[in-house]
C-alpha cells in the first residue's frame, strides 16, 4: 500500500489495520487542514509531493521506526492534492503492547514525516495564495 | 455525556466530536483488551467501576486538563462491563491548533485516568480469573 | 456512628458489597482504616495503596468521616 | 554533462518544472548548487535550507552527481 494518496484518508481504517491481538495501546495522530495560520484565514491547502522520493522517504522512516521501536506496529499515510478546511492531510498510527511504546512511535513518526518527506503546501485564503 | 459507558466505544465518533475548525492536530489514545498479560493468556476482561466517583474523577481530570492545556479540546470515555480481546476499553482524544499541544493533553489524560479513576478489571484466561 | 463502607473488585468478592463499621465521633479516615483492619484481614492487604473515598472523592488520612458520609475503600485502581 | 534539475512548489511556479544545468565531470552536489545559483536568482533564496536530492534520496554537498542521475532541488519541506 503506498504512503501517499490523492483520496480522502480514513483514520478508522488505519486504526483497524494496524492493531494486533497482543497490542493494548494504539496512538494515532491526525493532521487536518485548519482554518487559520499565523493570523491568516485559510480556505484550502494544495499539497504537492515529489512523489517517488516521498514514497521512498516514508518507507525509510517506517524501516527506521521498526528498528527504534521494535514493539510497535506503525502505519502512515499522507494526502496530496487540494484539501478543504477539516480534511485529513496525514495520519500516523502506532500500535504496541503498552502505551509508552505506542505514543513514542507515533510521535517519532509524525516528526520524521514533517522534517523529511518532500511535500509542500500552497495556502489559499483571504490574503491570496502562497507556498508556506 | 457521561464518561463511562457499558456500550462499545467508537473512537471515530469521538474524533469527529472533539475537533474544531481551528485545530490542526488531533491525538488519540485507544486502550484495548489484549490477548496476554504478564505471560498469561487473556480471553476477557470484566471492568468494574465505582460509577458515581469515576464520573466525578473523570470530570475533575477534564477540568484540570482544560486549565493545564488550555489550547486543547479533550474528550475521554471509559467502558465498563465484560470485554473480549480487541474491544476498546478507553479512548482519550485531544484536539489542538498544534500537534505538541494535542499530544501533551492526550498523554496527560490517559495517565491521569489510569492513576486515579476508580475502575478495576478481572482478567479471565486459561489460568482462571483474577483481579489485576 | 455506623458507616457502611462500600467495597469493590477483590474486596467485594471476598467480603461483600459493603462492610459496616462502628466509629466514635469525631472520626478520621485513619480511624476508619483501623476499624476496617480489625474487622477483616482482607482490608489490610493493600496497605496505604488502598485509598479511602469520602463522598465520592479521594480522602486523606486526617480528613473527617461524618455520619451519613458515603465512604468506600478502593483497591489500587486498574482502569484503561 | 547536462542535468535537468526537477523543481517543486515555489521554485516550480517561478522557474518551471525543471531547470537544465551544464556541469563538468566529475561534479558534486556543491557544483550543482553553484550552477543553479548562477542560472536563476530564485535558486539562492533558500540557501542551504533547500536540499538537493540525487536519485530520490537526500544528498550531501560532497556527494557525486553523475550523468543520468535524477536530481531535484527541494524547497524546505512542509508536509503534515
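Going by the order they are written in, the chains are A, B, C and D; count residues from 1 in each one.
FYI, contacts are C-beta pairs under 8 Å (C-beta built on N, C-alpha and C of every residue); 3 or more make two chains touch, one makes a residue touch a chain.
Keep in mind that what you see is a predicted model, and the values were worked out from it rather than measured.
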Touch-connected components when subunit B is not counted: A, D | C
Subunit C-subunit D separation of Cα centroids, rounded to whole Å: 72
Whole-Å separation of chain centres (CA-atom averages), subunit A against subunit B: 23
Centroid distance [mean C-alpha coordinates] between subunit C and subunit B, Å: 26
Centre distance in Å when subunit A and subunit C are each reduced to the mean of their C-alpha atoms: 48
In subunit C, residues with contacts to at least two other chains: 80
For subunit B, residues contacting two or more additional chains: 31, 99, 110
Touching chain combinations (by label order): A-B, A-D, B-C
Sites on subunit D touched by subunit A in the complex: 6, 8-10, 12-13, 53, 56-58, 72, 74-75, 77-80
Complex contact set, residues of subunit B against subunit A: 11-12, 15, 19, 21-36, 85-86, 97, 99, 102-103, 106-107, 110
Partner subunit C, residues of subunit B touching it in the complex: 31, 47-50, 52-54, 56-57, 78, 89-90, 110, 113-122, 131-132
